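Please find the structures below.
You will see subunit A twice below: alongside subunit B first, and alongside subunit C after that.
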Partner chain A sequence: MNRQGRCTLSPGYFFIVCTLLLVIVIAVHTLWGLEGISQTEFFSDIFMPGSPTKHLSIEQFIFKDIRIPRTIAGLIAGFAFSIAGVLCQGVFQNDLASPSVLGISSGAAFFVILAYVFNFISRSWFFLPFVAFLGALSSLLSLSYFFLSRGRVSMKELLLVGFAISTIFSAGASLGLRHLIPSPIKAGEALSWLLGDISIRPLPMVVAYLPIVILLLIAAISFSRSMDTLSLGDDVAQSLGFEIKGLRIKLIALICLLEATGLSLAGVVPFIGLIVPHIARSFIGPKHRNLIFASGMLGSILLLCADLVGRTVNPPQQIELGVIFSFIGAPFFIYLVLRNRRTW
Partner chain B sequence: MLTVVVVGSFVPLLLLATRSSETFFTPEHIPEFPSSTRRIVSTSLATDEILWDLLRYHKISHELVGVSYLVDEESMSNIAGLVPASIQRVGHDPEDLTTLKPTHIILASFNNTKLLSIAKSLGVKTLMLDRFDSLEDIKSNIFAVSRFLNLDAHGAESLTQDFNAFRKKQYSPYSAEKTGSSALLVNPDFSTTGGGTVVDEVIRASGLINFGDQVGLTGWQKVSPEFLLKATPDFLLLHKSWQNIQQRPKWLAPLFARKKIIYYQERDIFSASHYVLSAILGLRSRVKPVDPIVRELFDPLRLDFLKAHPLGQLELETLYE
Partner chain C sequence: MVEPLFCTIEHLSASVHKNFVLNIPNLDIPKNKFITILGENGAGKTTLLRAILGQIPKLGLIFFPGLGEIEKISAHDRAKIMSFLPAHDHCAFNFSIAEFLELGFPQGVYLGSEEKKQRIERVARELNIPYEALHKPIYSLSSGERKKIFLGRVMIGDADAFLLDEPYSYLDPFNTQELIEHLKKLVAGGKTILCVSHDLRAAYRHSDYVIGIKNGEVHGYGTAKNYLSPEVIKELFGIVAEIVVDHRGQNLLILNI
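Now for the complex of A and B:
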């Protein structure tokens, strides 16, 4: 326990604990409730090369085509959302900043609703992630236009513009959901995505995201030293030779890409980008190199746990991720506001 | 002081908002009105369908000046393409209600709140229907609308006579208790229906057991795809969009390999008007093609309202060996 009341662990020890936890959570998330997994042929049938899917039992089919993609989707989305949260809090030098303040989630939500309105979703199940990605990027472009068209932009201004963009896209999404999607069934599908859901993701799609998230992680870690310097304040960073504006543009682009990756896999999951970096920071300290990786691992663990709770608390019903994270995240947000009140 | 002013200004508003309106009625309390030239507006698809047939029966369909915008939605409406464009569509903008200068408004409790408050503020005769959970609710809604519009009961009886005929027969030779066949409805958003819904009654009245109700679900519930894969109903009721192989999620393949699948369009089973009977008959005819109840009720001499809109409207598709 250090002077700030934080329980700082050595990075090595922390990563060992996190890895063990992650392995346990993945195992439970993938295997919980499946019958017949004690039989040796359960796994050999699934992974035997050339084994036709139609010969698998329902339990084997569920493991292969639902549980594995669901776990991978949760891992990637949790990782992406949390790293985006760390970068966001670093870029805005604000404990309460998270990617949603830039309007990225709202942009993705708006585009997904539009896709439902124009019935594009039914063309291919791959279309939804693509549309969400485009929506997140459109938020980024709106924000960049504002950023680049002005000479000097304060962080406060940027947060306010992000909030405005978020409001516009949210209004568009609400309009579409309430008035433009004609069928209540389609509206239900769109709402499912808006509430956060990883239960129905095809394996090729989630596997395709693995290299993307690894590249984004490498990019985030490559910025960790600059982020450490940035956390000392703009003046110090400038005096050390950093080109602050350029650095911020790159980091915001990276945040958008990470957030879009998470959104396209899991839909809108509020608060994860806000709470995970705080938990990780309290264990491992503020150095970004460790913090980015630790937040990613913790985010994956939390998201998989939340999905497990949503799936098992009242079967066969399923509670969406967004609902669970709102229950956890909102009180945490209030706690942060109260804790930081004196410093504002 | 400020608190006193704020509270003081809100109290009259609160009293105004909560006072019982002399023009706002529920199905249980409808007084008698003198009939005169009326401008009737309906704001939900269920009441559109009831009104359209009821007013045509009484040959006063010209009194209908507004229907909900969903009335033209092919996939949902049983009267799509029948209501002339001269009758205005309402709902997108709640203020359309004001421009129509209605004398009678028929609302559903699930209409958006602005529509409800505008109807209240207009001070015209308004009927609010708040129960759509069973066939009995639908039947009493039809009679409530008829009483509200001061129509003689023949029209409502005409619309509901087949309900009575059907209810007398439905648990005879092909009852669910005897066949024991079950059906599970699955929407593309992985929601299904348990007990206490019209769809639950449609399934039961079709001679089937509602699988969702059997496993203890009530109302509309989102369920996990794993539950859907493990469930073993005799019939699966799947949305029509899944009839297209390209739109089927691959990870639900075992679901589509089932032997008895019936594909539905929204209007086939989600109706909350007298057309629900055509949904039941349609479903029964798929489940038991030689059902004598279906054959008898299909007799065009007996059907008044279905004669105008024969069951050809139904798009239920069956796919089983």
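Now for the complex of A and C:
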């Protein structure tokens, strides 16, 4: 793979490798550090509780009530964030766009902090996705207000306006977090959400997101042909019979829904939506039909790996996902900006 | 003109920028011809193409026989009638050449993958894109090679008419000649070519009709040999041209630049 080229890996191989990796990562993520998993009863006790008299060990409880929800949360969040990243890059016809770079995550963060300030978010986590969706939508709409009518946008304009929007919302979020959230416990909860964290999600809530993310994946894939054509520019896509404005609005709604899903499960995880589509594209090319699913899988793998690193580096302390991804993502972003100085 | 018409323009007033308006009281564009639109920079040539495509706000009518006014024709049908090459084409992602050409199929065209593949290979052959290059990433191409794949993208969908904004730019003389020959073949096969170009010699020699645009208005139109006289060229561009007869008895346009 060189600077302009890409690996000639057939999608079939790519998906097989990804599936294998995903299985390994899931296994490690759920089982790492647990004792007694080599015994055969470990799983049968949990999944087939034959005798009610037998009590589960602490390790088994950890596996069932902490590890499994955490793994599923990471799986879904990574999947949703990465697909949102692919769609973002497709909508703006720009491979430097991503929800965090454009300030979409910051918008959602600001709204969630506001919700904490007004004590809107109860322990059931029920309102979180709605609030996050509204936040993502508000910043994406303010961004679109500048650009939708103008067709192709220069990379500089897009990134600078995204940066400005991101800054405003981040400042609002910091203000709320520091001064306005009434109780310190809530403030701590909000902060761990802001930094990205999948450790305390109840299993029923996590599982409820599974069908949602599958529906969103299908919706995203159904737009893949249109998004391929969109990369030719608005006027050409239009001349090929595609209805651009409606397509944009649908895709923007889809991005917000995906972001809301990821944000509700994992909090703010910057840069994952930027990095993952690039890696996937370098392996299987930019055609969206394969790219969307491939990015989703890679995103799950990457997020679980980051979580694994975060919790094993310095136990029992955990390093938040947002911190890890910022350390990886920001240098990657700089690399992309430098590489993108091409004539195209 | 008594031939069948591609479209008829009536009382058109269209603009892309606030300070520029293209006004055309009446213009018939014939079908199944090679038509070149000539004019100096900023005269309104591209605006005319975009108005015909229905991509810019306008007053007046652009009427397609059998289909109606452009604004009433669905995007889907428009894509079947005409295919457009912008002067500055681009692509946001690094597709392979074959993938890129495939993007040119208009929406609603459902071909089998084998059929699509054959079409892609045929168009690539017609444009001298080697078969081995089809898997190459497009970002590795030179400007001229890029132009060829953009043209391929336009031709892959098999529209009735091709609206080409400066199709010869970046092409070397050999490829320009090949392209012109291919365009003429397409016209012989029933297509209409409407192209904006600055190549006066090619326009004089190869196109059936020439439309001259000056300051947002139609200066004149007609067959290349009738309309494109040295006087007209002087008026359109302010340069001196001559028409000479070569040893084979062919008329050639010579520019004294």
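Operating definition for what follows: the second predicted complex is superposed on the first by the 276 of 344 C-alpha atoms of A that agree within 3 Å, B and C clash if a C-alpha of one lies under 4 Å from a C-alpha of the other, contacts with A are read in each partner's own complex, and residues count from 1 in each chain.
Heads up, the rule we're going with is that a contact is a pair of C-beta atoms (placed from the backbone, for glycine too) under 8 Å apart; a residue touches a chain by one contact, two chains touch by 3 or more.
Model, not experiment: these values are computed from the prediction.
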Partner chain in contact with A:Lys287 - subunit B first, subunit C second, else both or neither: second
Touching partner for A:Thr229 - first (subunit B), second (subunit C), both, neither: second
A:Glu243 touches, of subunit B and subunit C: first, second, both or neither? second
First, second, both or neither for A:Glu189, with subunit B first and subunit C second: first
Partner chain in contact with A:His29 - subunit B first, subunit C second, else both or neither: neither
Contacts of A:His278 with subunit B and subunit C, given as first, second, both or neither: neither
Residue ranges of subunit A in contact with subunit B within the complex: 33, 53-54, 58, 61-62, 65-66, 69, 122, 124-125, 178-179, 182-186, 188-189, 191-192, 199-200, 202-203, 311, 315-318, 320
Subunit A contact footprint on subunit C (complex, rising order): 50, 53, 55, 75-80, 82-84, 86, 89-96, 99, 103-108, 135, 137, 139-140, 153, 157
In the complex with subunit A, residue positions of subunit B that touch it: 70, 73, 75-76, 92, 112, 187-191, 215, 217, 221-227, 229-230, 239, 241, 244, 246-247, 249-251, 253-254, 257, 266, 270
Sites on subunit A touched by subunit C in the complex: 4-6, 8, 93-95, 152, 225-226, 228-233, 235-236, 238-243, 281, 285-287, 342, 344
